[in-house]
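Below are the structure tokens for one structure; questions will follow.
Chain lettering (A, B, C and D) follows the sequence in which the chains are written, and residue indices restart at 1 in each chain.
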């Protein structure tokens, strides 16, 4: 089918390409002029052009950074659309925002779908995992799109609930991802520190890829990373977070669910970025205060 | 090749069967008379019979519960063996014990391999992931055995280091497993509690199995479990632990590695078994003490 | 000086009484008709009466539940006040709300002070610890009030910063309180479980009260609680939280500060209230899935 | 009474001095020639001299580093003693060692008391908190000593249980201490990071010292430290641990008690000493692996 793709960065560009290769007609637009590596893609220079290039009912997929950019795009896009058109937000938006935006679009007769999208840079080749929230009718209309983006037409995508449910589910997905990553990271750190055994961590990761209880796609990535760079030399121990971990933690607390592992995974990322922890200085000062324990000059 | 299997319980029975089906001659013995579901297996009634039934150099694989049973078996087995024979401990032994046992066997000229074995009840069908510690010569001798037990001859097994390294690696594997399981469990608990969205957790798990960053074998199991029993009704929130999680936590601390997620995963299991937490009673009593906050009668 | 006290519950009633006993004229009002145990207090039946009973510039201290009740009270109170009057919120309000309310009052020429108040039911006798945010002039005006409420005129109170700073500081205070309480609770739980030593926990607490590094007012409360009820029999292991712990956790994450102990203290309270943890059921189901480990019927 | 003090370092020297000032005759010995600041103390040059200088039954108090030094001292001391003599270990020994040493002494007819000692460098002036394990008769014999060392004769010391119970109780005390310190450290770190409020942390600490729920001796130390050095400049964020925290964590796990706050407090100390976390590098590498997220060169 015909689909407009707004945002042709790392994710949007690849998704546009997967769709185009899957036989869809994709019209792309990127405010910053990015086009991913999508040389073969049909692109336009403005949202009006994009809308004009699409048949009714129009399908516009947003793949722009979460937050203000989504609202700004909707500000410009909604006046160009007409009842029955469909907007999909495939980015990592906060589900509360998606609930709000769905209501806003609904006021204009436009369908809004929130589509949690997982798969990262590998999605172009392997397909994306898609969790979709919104009205069933709009989901049905876009079925061909989802079937192409997913790893296979009959799997890896689904309509999970009302507006917001797609991004809610993706948020939790990322919270789990934080916990899994931290579990692997800790395990490899323990083995790396066991110097007397001189373990080959890449070898261990590869063994685990087959038959073990901890085999996973993240382990595959770890095995690749360790094969290329067993000491992880040249990589700073500095871990960013992009919002969904904190939202998961906040949501869990809001729901009165104790989620210690997901929570600690987030805190560890914060900790990785503290160069000069005031808390630790305070601990050192207190130890000196009661025990006369020496402090290290900092 | 010819191999003696001591312990024909859930794990040992399946491993014996996989070996037999792979063309090896397996002689089995189980102190308790268990024979797994291994009707076709050749079994004997005692360790002397088992040793007598094997050609030199003998290969005896132990699949008995960790701890005292391994030492008791070695007490009886070692006098029956001769220099050049090989004993493999494929159970979940503490790696310190394996280091000690390797030294003990070495004094008798017997090779000892510690083989961390992952795969659970699915190993019979899918193969086991095997992490092996000990001397290279003994590992080479048993190559045909490892090639059959693993998912494929060239993958899923490896000689990871000196005596103890196999069980050390398996210990860390299980620590990671705890963390991954807890991450999934927390994520599904958050979604389950979000009642307004009425998410179908089995559907979400299935979507994630394809293309998502969190896809894994444990997720496959979670999807199966949720499909059969979405509310997990009839399952008590009571989680056992079998030792390797605690050993991982102790080892991390011994090595001065902070492993908060693996550690908290263990603590959550302890917590799941506390029916009447004294700590929580103390908190309630303190709140009443300073704030006059009411307590619940317990 | 003359002061109007709105809210005569457990906290407000005691504060009114401490002020009255300290020589101030206190006019009290409670929407629900509560008057603490403040038989001797002058009370009125409405906010207009309260305002009418106070000389200009009027000082009105709010001691009502955090959240909507504060805004509702301000809705009714502000039209009755005039420029130069002072409103103090001495409750456990969120500091963001206090910032907002200060701006709202400022628009009407009314000073707003946010006063974090610690001390609980013991404050009547021992005095309150007061952290005050807002304009210096208004703080100076109320100096006699703070000097009476505090344990002594020259200590236990202070102007800590601009509007919001008082409640921010109190919020962090409560976060620390959660962590300290949890530390004690865990320690006593460990000793209680060491059955072979049959430790007398009340005795241990009392020993620690003198000379030890962990002596504190909370320990004094613990010692009292344990003396009266060493087994904490009849107290449910159910721990409420009143908001400030969650705000501290959210603020720490917002500020990119890793605060694992305060965070876990909150999660432990959530956990204390989960009767039938879905996460733990999932863990049990997964263990059964890969290992054939039995589950307990739930 | 007459008492021999072995080990005249920071703790032993001060304790000897407090005893001497309290009217006891103290004979001191220190292998390294230390004598604290105890100019007025009677000292000898060897253990035999020390034993010879004491009347029967002899009382010898050990204040040497935990671990091997205690055993070495006992090796030399026990042959010099006779049935009915009493040895006290006032150091931070592991309680398992104390149980073992008590049995060893008992074989020689010598009483052994394990005395957990809290108070740090302030004990000389304020008295020590003493938790004593061992036989009631020996405790009774030493009552005058305990009454002098404690803050007051009738408080701050007690016979808490059988051999090992003194050091067990002190171990838990230190675990609680870790948790409390971490709670304060996190709270002050949150306030320090709230730059817009420019809070005066020393002022806040001082306010809390009077009337607040979090007042404590550790808070007094924090207030002192912050008054002298509000930014904690010149203090490295490097926090040592001396063993008792890890023992508490291990004991809690051994007893199946979930103690997340004490545990995380220990892990934070480990973390403070990791300069180049392999776990965090792995997280950064994984993020790059699936998301193409840039890493920082390390």
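As a working rule, a residue touches a chain if its C-beta (ideal position, glycine included) is under 8 Å from a C-beta of that chain, and two chains touch if they have at least 3 such contacts.
Chain by chain, the UniProt names read as follows: A, B, C, D = 6-phosphogluconate dehydrogenase, decarboxylating.
Every value quoted in this text rests on a predicted model; they were computed, and no experiment measured them.
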Joint neighbours of chain D and chain A, given as chain labels: B, C
Most widely separated chain from chain A, with each centre as the mean of CA atoms: D
Chain D against chain C, contact positions shared by both copies (same if over half, else different): same
B-C against A-C, pair bridged by the larger set of C-beta contacts: B-C
Rounded Å distance between chain A and chain C, as computed from the means of their C-alpha atoms: 39
Separation of mean Cα positions, chain D and chain C [Å, integer]: 33
Distance between the centres, which are taken as Cα means, of chain C and chain B, whole angstrom: 48
Interface hub residues of chain A, defined as touching at least two other chains: 120, 182, 184, 186, 189, 193, 213, 218, 256-257, 259-260, 264, 267-268, 271, 279, 290
List of chain C residues in touch with chain B within their complex: 10, 120-122, 181-182, 184-186, 188-189, 192-193, 217-218, 221-222, 224-225, 229, 232-240, 260, 264, 268-269, 271-272, 276-293, 295-298
Footprint of chain A on chain B - complex, ascending: 118-120, 123, 126-131, 150-152, 155-158, 160-162, 164-165, 168-169, 172-180, 182-184, 186-187, 189-191, 193-194, 197-200, 203-204, 206-219, 248, 251-252, 255-257, 259-262, 264-265, 267-268
Complex contact set, residues of chain D against chain B: 213, 246, 249-250, 253, 256-260, 263-264, 266-268, 270-271, 273-274, 279, 290
